[in-house]
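Shared between the two complexes below is chain A, which pairs with chain B and chain C, respectively.
Up next is the complex of A and B:
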């Protein structure tokens, strides 16, 4: 055998990997070397082939050509279990969790048989303490926020003591403090000899954390570099193939109050939910109000009551354009000129098994000519869907494709476009760019800025402080169901907002 | 050793629509084996069961008569099953529909002519079934009671109620103490479509039900809501559909159609109430619904396939002395095969040796 075996061999070598789907070559002779103890970034736009490569490494897809060498030996990875038994762990961007099971049970199903739940509970807590991934093993997953769910995925992978850990956009739902903790975790793991393959589009993170970066574009490796020696701008242009346009700025010219919350208090709808306590906010036309907060502090509860998916305890607690609508359903509020977009794309904002035009019907049947008198005009839904695809640059296999066939970023562009193309006067949007790549994120944020510039009141709930500071005019913080008074985004320090997100008093409560 | 189901990549819609055909083929092979074990020729059984009925015009009419209630019930079940609601009490809804629908025909026995009775009876039958379907729905919505158990147990309530009525208050005084009601007047029964044979207007009602259901599910906002509620309940709420109202609507429609099937059976071919008017049509329709892939057109085919097994079963009993229970067995095998074919279209079976992986 020609390969170097034993201690000198790299942990894992991907050699000339080719994967085709019909006419599309998702991976075109991709080669990548992973060494123990390194944090290796995998960068690329949506559709660059990152997910395909990762799925091959996780045994979910078989390559059409090329070899995988593990510690110098060629291996075939027939399924994720084989990959796991070699020591390849995976933290997915989309969670693969059972909602009705507890945290510990979800972790147990991924463990070899014979692990006792009580022992597991203890190990979960140990890992949680050690790596700052606090989790209550007995809580049921459906009560958890996206951020907490991701911690389960990370703990689940760590419990199997992987030699190579693959992380797909791991910080997309973490606060800066949580992300810092994660980086400490990852650096510690690397020191202990674990190799990490880190997929991200947050280039600051990559330049800070990673020792090496492989950049994919159009299925090919376009560069391998040391990210610490490059600027984020350079990496971004390598990824996209051209420079990413910066966000166009605009004047902050607030007009009349369009969306108000007046002393909103609501008990939690679910057993482990968060109670909202005396939330008051005024959002004016022409502004973007960024609501920062760690996942699971009442954001989803607030969104439900704002959208009308759940009625407010009192009619006067929610006002749209001055009209009390706390008891109105979501369609009634849409007819008042409001639009809503929840955090979760799959199964909430969109249905994967339905076509794109059907997904337009999903949220627009009350506010368009799609379904006059209850009969759906599919040609009109199709026309609207096509307009969204064109205007928001949605890459789809076909205009009638099921939503589930689109990549995360493209589906998010589609659902954001679906809400924005109706020119709402109020938009409530929860984590608009969660887990999408740089190109899509810029497009979505620019669309929100343009919408506000046209006079819409935008309430953007986000766990991504970069995003909030990039586009919000005013910033409020949600913590344990209470919301601080908004402050001017230009006059508040990032650290102060970060502190308020964890319950500290960062700034005086000036309006 | 254990079995694992691994998702297949890229399953074409052609493969999906062919799945029921594979299921029927597999069920035929298994049925043939059972016949062989019983000491009869599988080929002869196949001829009696499936070929003879399809070549005889009288038998074709009979097939349509048997398929009629199955089509009506199964199209109703689609509303529930598509919304992930498990109405398995169509049998009870059918019986209550038959009871409600028989009130007017029984009250008009002996009258000269009253053409309004038949449409009113059909309407009342549907209302009776709808009311009976409403019970499990409201219990689920209000108290979170399993609709599976309630709808199933209500079947027995309905059966015993019918039994009480035909043996008690509604018994024909001139019926020599047989537990039957008086026979309906001819104006209160569905007209025959052919001068010879038993084909009645019920098949037209069934085809209309299937066509309307196709339209509702594929073209209306309500049908869209049913589909979304089944696929993703949170998305349905986001879309503005009230889950409780959808549950009730699906059950009421489903029960209403089962009730309609009940009164169509009674006014179409029985002509009176008896202790047993259905013989499990409401349960057989579940097989039909899945054989038809929860699609109205597929259901029409599925109903005829099942009707064929019923008719063929009767013929085989006479010609080959095969027990009638074999038909039930075959229907059961068919349902398993349909479900397995669905699963194996979506997943690939892998046998893993050893206790753990």
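Up next is the complex of A and C:
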């Protein structure tokens, strides 16, 4: 690679970066050139080495070999502060926010010393107005939705006026309109001379937004291309190394109503939670009902009441197979043939420090023979766990590994498999493919389709409209704790659903 | 009658001051994400060193400074073990208490039985002689004013300064703080040293003001009370202030109750301040208004990933 000094030099060059963790080579001689004004996509499956690479670029990890050139000069990034002082900014996928601090404090802590809070509040406001990233500086972060948290990350990075901005899956919690706003922002930043390194699983976005793409597989660069000239399918197959099978279609043959909500209203459980207001839904056997909505509009409150983590105010508000069960606990509802899978896989759906078989016991002890009369039958739990691993293609270091040792996509396949393998008659699932790679997402979505085809009523809460339009038969939208009447997925436009997610009237819906 | 209440209030202040100083120090330590259970040990070392140096140099001020220094020195051991070697903070803190109590006995061994004149309260001619408020407001030990200033200062530091915000962020989520370029270990070291200084100062207060002599065991569990105060006060400095005075007040109250022989068992009365303080602070934190939960990274070691 020719070294160019001065103004003609690319902003940042990664040259032959190697990073090993024990036997695993996470980055194997990765080279990458970033130029000012360029939006550069970094693509790859989970575990391909994207996160490792950006952590090296952000000064969080030290490479074992290779060089980093910044404006033509070799630099070592000993810590994130040095990266920041060069002008490298980062928007993290797993938010690097402080839950008990306010929005303003979260931003102030990343700013150079001497910035007055009052001045900062004004700048937050200005940025928010300019880029459509509205934030209330005084709110504490723990009260905010994932989408709002994402905004803090972006605003915080922008206020540092970076020369290179790294974005890790920034649109995974945004509505299509919000994502469009973000793209406008990013294009504007690029025009002003900022280089952007954009990591995303959403290949449609990449083909629309990015000027160049570097594709990683197994720690190596397998391709560099202009994504505008490629199809998403082509990019996906480059990432995976083989063609991804399309979802198999099926007929929508709804049967009897299995899961019902009747005028469900509930006050918020937390100080800044969302109140559910008069939610009524019927989900029939054999169908997938997709509940779209921006994070923080009452989805988690609804999930809690459906799963029995929280009792409904009235027992008649939730019915499974016609039986009122609003006051029943989780186990009772599971014995009625329902299964539930919350959004957060590590910490809610599974316990990271427990082995896979133990995690099977956690949710299935009431609905299988793995814990008769409270004593764990380890052999049976292990057998069930192994069956899930085989059937759902879970890649795990060992069958007895701790759940936390699995990658996000593999853990998600495992917990989805754990619920589906019991053949539930009702399944409530929250964001089934959030942050998982394309291969795992296809497998999970196919499993949900097959489950519905076998007669199960599936309620899928999702922030991902691609996902909803890919597999849902009917679509409802949740906004500020109210749920619209479901519409047929084939007869509604994506833009209309996007509009309803922000409270607009997309299509006619019941009050 | 006024004299009686005045004297009660004065004794309440005397009982509350060391708790307040030690608890404020620990509050800063815990806000940075470190749990130092060695407050009792650092207090004991502060008390014995302070008394010993004051006796040897015949200077109370030197004694106080020596007490602070001794507390800091001991906290440095804790910092080395928990920050340098990322050891378990609970185990290290408990060991520190045992070490501190033993060390204090060793340092003070030659001084058992001697006594000094207590550091006198300040006296402002005119003001201190005012009726009612004179002695209460203008005639206290310098430590009292220091402790009040410390409470206000700590609250201001945490809420209003950039360094305070960094400290809170580090305690909340040390990985994020590191990723943002904050100096996690350096900040924690300084916080631990501040906690050590406060515990040492509180100890020196005990042996140079409260009871002007040294005897092993004179800290009498005050370090543990200070620790509990921090938790029950939801890590809020002004609530720590309230808790310290509540505890001080209840202590004096039960002493008077014992003297008045109400017919209650003395053990029950001795337990009263502890129970009253816990109940009161639990009731306060139950209201949730303005309450803050424990710092997110409290008690977990930070090892920078490289």
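In this text, the second predicted complex is superposed on the first by the 493 of 511 C-alpha atoms of A that agree within 3 Å, B and C clash if a C-alpha of one lies under 4 Å from a C-alpha of the other, contacts with A are read in each partner's own complex, and residues count from 1 in each chain.
Heads up, the rule we're going with is that a contact is a pair of C-beta atoms (placed from the backbone, for glycine too) under 8 Å apart; a residue touches a chain by one contact, two chains touch by 3 or more.
This structure is a prediction, so every number in the text was calculated from the model and none was measured.
Undergrad: Overlaying the two complexes on chain A, which is it for chain B and chain C: clash or fit?
TA: clash
Undergrad: Mind working out whether A:97 is in touch with chain B, chain C, both or neither, as first, second, both or neither?
TA: It touches chain C, and chain B stays clear.
Undergrad: Let me test your reading of the model: by the given contact rule, A:105 touches which partner, first (chain B), second (chain C), both or neither?
TA: So A:105 only meets chain C here.
Undergrad: Based on the superposed arrangement, let me know which partner A:58 touches: chain B (first), chain C (second), both, or neither?
TA: Touch status of A:58: second partner only.
Undergrad: Which holds for A:322: it touches chain B only (first), chain C only (second), both, or neither?
TA: neither
Undergrad: Under the stated touch criterion, which partner chain does A:81 make contact with: chain B (first), chain C (second), both, or neither?
TA: After superposition on chain A, A:81 lies in contact with both partners, chain B and chain C.
Undergrad: For A:113, select first, second, both or neither according to whether it touches chain B, chain C, the two together, or no partner.
TA: After superposition on chain A, A:113 lies in contact with both partners, chain B and chain C.
Undergrad: Between chain B (first) and chain C (second), which, if any, makes contact with A:342: first, second, both or neither?
TA: First partner only, chain B.
Undergrad: With both complexes superposed on chain A, which partner does A:366 reach: first (chain B), second (chain C), both or neither?
TA: Only chain B is touched by A:366; chain C is not.
Undergrad: Going by the clash criterion at the top, which of the stretches 55-63, 199-207 or 343-351 from chain B hits chain C after superposition?
TA: 343-351
Undergrad: Need the overlap of the two footprints on chain A, from chain B and from chain C, as residue ranges.
TA: The overlap between the chain B and chain C interfaces on chain A comprises residues 79, 81, 113-114.
Undergrad: For chain A, which residues are in contact with chain C within the complex?
TA: 55, 58-62, 79-84, 90, 92, 96-101, 105-106, 108-110, 113-114, 271
Undergrad: In the complex formed with chain A, which residues of chain C make contact?
TA: Touch residues, chain C against chain A: 162, 165-166, 168-169, 172-173, 175-182, 288, 292-293, 295-296, 304-306.
Undergrad: Spell out the part of chain A that touches chain B in their complex, as residue ranges.
TA: Its residues touching chain B are 79, 81, 85, 112-114, 307, 309, 329-331, 334, 340, 342, 344, 347-351, 353-354, 358, 361-363, 365-366, 371, 374-376, 378.
Undergrad: Residue numbers of chain B touching chain A in their complex, please.
TA: 6, 219-222, 224, 227-228, 231-232, 234-235, 237-240, 242, 355-357
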